[in-house]
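Dropping a structure here in structure tokens format, bear with me for questions.
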Amino acid sequence: MINFRLEERENKSLRRQIISPFLAVFVALIISSLFILLAGVSPIDSFKELFIGSFGSRNAIAETLSRATPMILTGLAASIAFKARFWNIGAEGQLYAGALAVTFFGTGLVELPSFIMIPFLFLVGALAGGLLLLPLVLLKNYYKVDEVVTTLLTNFIVVLLVSYLLEGPWKDPMSLGWPQGASVIDQGVLPQILSRTRLHLGFIFSIFFAILIWIIISKHLIGYQIKAVGFNPSAANHSGVPVLKTIFIVALLSGGMAGMAGVTETAGLKGYLTLDLSPGFGYAGIAVAMLAALHPLGVIASGIFLASIYVGADAMSRSMNVPTYLADVIVAITVLCVLVSLIINQYKFRFLEQNK
Amino acid sequence: MNPLLKVQSISKSFGDLAANSEISFEVNKGEVLAILGENGAGKTTLMNILFGHYMPDNGQIYFKNNPIKFGNTRHTISLGVGMVHQHFTLADNLSVLENIIIGQKSLFSFSLSKKTALDKLNSLIEKFSLPIDPDAMVSDLSVSQKQRLEILKTLYKDCELLILDEPTAALTPQETEGLFKTIKNMVNQGLSVILISHKLNEVLSVSDRIIVLRNGKKVGEKKTANADYKSIASMIVGKEISYPKKIKSKPNREVLRLEMVSYKSDHDLDVKINNLNLKLYGGEIIGIAGVAGNGQQSLAKLLTGHLKPTEGKIFINQNEVIDSSPKNFMNQKVAYIPEDRNKDGLVGDMSIWENIIMTETDSIKIFNQLGFINSKNSHDQALSICKTNDVRLQKIDQPARLLSGGNVQKLLIGKWLYRKPQIIIACQPTRGLDEGAIAAVHRMILDARKDGNGVIIIGEDLDELLSLSDKICVMYNGHLSKPLDTLKTDKLTIGMLMSGKGF
Amino acid sequence: MILEFFEIFFTAGFWAATIRIACPLIFATLGEVICERSGVLNLGIEGIMSLGAMVGWMSVYLGADLYSGILIAALTGALFGLLHAIFTVYLGASQHVTGIGITMFASSVGFFSFKLILPSSTTPPKIIPFEKLEIPFLSEIPFLGEALFQHTPFTYLAFFSVIIIFWLLNSTPFGLSIKMAGENPMALEAQGIDVLLVRTVSVILGSSLMAIGGAYLTMSAFDAFYFGMINGRGWIAIALVIFAAWKPERALLGALLFAGLDAYQVRAQQLAGAFIPYQFFLMLPFFLSIVAMIIASKRTRYPKALLIPFRRGERH
């Protein structure tokens, strides 16, 4: 029997910490090759197609970056929450909540000049996402109800709500019977930033928020308290850190980021709300955050990278007979590989000889 | 005559720390051997090696001339060695009988054979007179009953050599007497016992032979009949530790008062506090003794703002406290040294300086007006606190969990003293520390008293409480006894109160 | 009109539907109970159910008989359970993130494989699922016969599983070890029993049950595999585990209660569909799960060692 022990490493080398996400991705791609082989296709050719599909042309890059926009935001949502050891798996629902807020306020109810309108839409989207998460945070704090399950279940509830609204009261009369929301008014639409592509202002916003969150987490009191509460809420409490207030802030920030992902998709990419607005951006955000080791700036890079996997896989499935689900497989394996790399960073393996 | 147990040159290191160096000794049948040493001397490491939890780097152990297979607890148990750990290895949600039969039958067998087990258990209860209810849930048992269960577990497995690791840590003086009677009983029935302890007095009364460990080495061995307190004590400690002297106290103004304070929580797990009255003056130390689980934790939390009384009032400096929050108590200059320094005291994964500034969130020097961390001021303050309190570290940026127990405690107390508190609530402040650190902590507490501040020490070590405190109370079942002058009382009286007599 | 809402309870069809709807939840909840009792939270449940549904169905589609299909689904679940255990039990990785990763991995592998084998299917192809097995004599009792004794063998298997798992946990040494591993693993180690092994076997066993639960949907309740057909049942099972206070017999009760509400909701929808949109009926199970968790949280006692990795030889 393999008898081993994990011994905590005394010094966590910075070099190892920087290399490990890359190593994790590399290993994940190798393991994914097995699945590509199952499809009867050469992995090398597939990865070439994947790369071309996501970075090989001006259009491809624009598509990748526009796909990265919501993923960076949901990645930030997961990063903030996970740093506080609050397992917010509800980004998907919070995203749709943000989209609902945009549809409610931005399709004609409120009319403001666009330099006010756009930040306004981001604000209501963020509030919607944050307020959706808040009661679940309170449930965890006062009733010890596990947030993983409640946030997950809430996703299903929100999506059903969207379905009801889009088939019913919020159905766009101009949509020829297709269930979708009314169009966002011109002042609220996020302008295109690269001609003849789908890349819109939302991308700039997502970068901006990543930098903002990074500053807060690393240099500000709030970020400091979030980290303390995440590492050891009891010790933080004993030292006078307001734990409940901190958790509130985490909920608003985390849910808010995810809500804003809903804003970028509704007011930027599509222009209106549909039921398939998010092909799982909320869940992908978890992978983005893990790969970035919960670092807000790293989220930009890992968001773009994972977006390229999805965009590239779409292109690849058109030219070769590999199902688009390959992207999901690669992302899932990446999450698992990142987990392994975290263990390797923190512990040393010690094999024990059995004394016979 | 062949010794029952023969330990030869056992050595074990954890990184740079040599926990055991070339330790050799023997145990004879029918003998009670005591292994003495202060915290960190290597006693528990040695026993864990014997029992199969750790692998030694070198050395051999023979039991009845059979070599022990290291790392193989199953084998050690089957040879006839049993151990009662310092922290009980019981499952609270299972019954007494279930806890005993665990591991008895192969994991592949289909039945638990509860009936035969019950018969065997009952006969053991008779033979060793250790009464216990086989169907009771472990969560309902008292500490000494749990210990009895742990002993029965080893007897059930036909142990011939029983190892007891710090068995009296959580017992009242009367329960300790009961335990020693049990040990004598077991020896009469043919068992041998190894007793691990740091309490010299107890060891002298119950053992046949004594071994002393210090810094991982065996430094002395004596027959108890030939041993005297002083020579053994100097073997344990080695060098001269200067213990701070307590000067006569001059209590000044009242700093803290509890009036008819009661507390009942929603969870049934917390003990109800009933009509507590307590007065603390600046310049005095009040010790609160009691067996763990009688409400001390709740009391500590009430005294520091972590819990709000359901009835009664708390006064700080004669002003009634309205806002029960940790922050408010901190602002009113109350310091809290929690019992579990690793769980509640420090955030292990954050750096030392980050831990130190955690209580300083309203200091403009550390967090400027906009809330941004001033790195330089933080580092300076941290370095100054560590220097003043002799906290040994490598870098101020290193994760706090790398500090040793004694340094953690010095850091925690130093961090709080920096804020110049007038009331200090300390829970088990020297638990698990070596003598040098204990002396340092005592000095810090006595200095605070000298400066005119009030200190409440909640603890289980009667010797420490009696030596440090001016007055002593006992907590039993949520009630607090009237304070007794420490110069005019003794351990027996306190022991009675700890068992609930006299309330 | 109001009377019709009550009459639903008096139709045998309602009770039969309750039992059918309960089965995947029974398997899944039992599986999670075993995992959590040993101290491991298995959030891979949703993905493993999805994969089990796909694998069981696909085996039959490709020629295996129905019982082999169940076995193959179980083995697939066991494999992913082993993967989960390697991460959480042996490496001590975060049980939360591992579980989400396993769910993502298992479900994506399932979808990928399905699309690979059946690339062009606008309407999902069907297999011949389990037929109803009428128990002689008992199935002819009026009302009760149709309600209880005209089910597929797979359904009877679900109830049989409850008995087996109950017996395992309460009357065998292995079951006792599982309970102790989740409460105080040091106690287990002190007796020389390998905690990591006990936990790993528990997770493997639990995951097999979860996969079987998924397979029930494609092999007994329905006859085809749809993407997203698990639809949150895995997460609901996690809520049910808490509601069941980690006891198998209560898991059965919880699943039946829940399924009853679901069966009722379907029928009530037909009556009230004109007034209340169907989406609100569909939301009900999820709301109820959250409510169940809130109610249960007040009085429950989590297995003490749940979520805490056990590392051998650590200094205490």
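Per-chain residue numbering starts at 1, and chain names A, B and C are given in the order in which the chains are listed.
Definition applied: a residue touches a chain if its C-beta (ideal position, glycine included) is under 8 Å from a C-beta of that chain, and two chains touch if they have at least 3 such contacts.
What you see is a predicted model; the values in this text were computed from it and never measured.
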| item | value |
| --- | --- |
| Number of hops, subunit A to subunit B, where each hop joins two touching chains | 1 |
| Chain pair that, of all pairs, has the most C-beta pairs in contact | A-C |
| Computed distance of Cα centres, subunit C from subunit B, in Å | 44 |
| Averaged-CA centre spacing for the pair subunit C and subunit A, given as whole angstrom | 28 |
| For subunit C, residues contacting two or more additional chains | 313 |
| Sequence positions of subunit B contacting 2 or more other chains | 55, 72 |
| Residues of subunit A whose C-beta touches two or more other chains | none |
| Interface residues, subunit C side, partner subunit B - complex | 171-174, 176-177, 179-180, 183-184, 186-193, 198, 301, 303-304, 313, 315-316 |
| Residues of subunit C touching subunit A in the complex | 43, 87, 91-94, 96-98, 100-102, 104-105, 107-109, 111-113, 115-116, 119, 194, 231-232, 235-236, 238-239, 242, 277, 279-280, 282-283, 286-287, 289-290, 293-294, 297-298, 311-313 |
| Of subunit B, residues touching subunit C in the complex | 14, 52-55, 72-77, 83, 85, 87, 89-94, 98-99, 101-112 |
| In the complex with subunit A, residue positions of subunit B that touch it | 15, 55, 69-72, 306, 326-327, 330, 336, 338, 343-350, 354, 358-359, 361, 367, 370-373, 402 |
| In the complex, subunit A residues that touch subunit B | 3, 10, 219-222, 224-225, 227-228, 231-232, 234-242, 352, 354-356 |
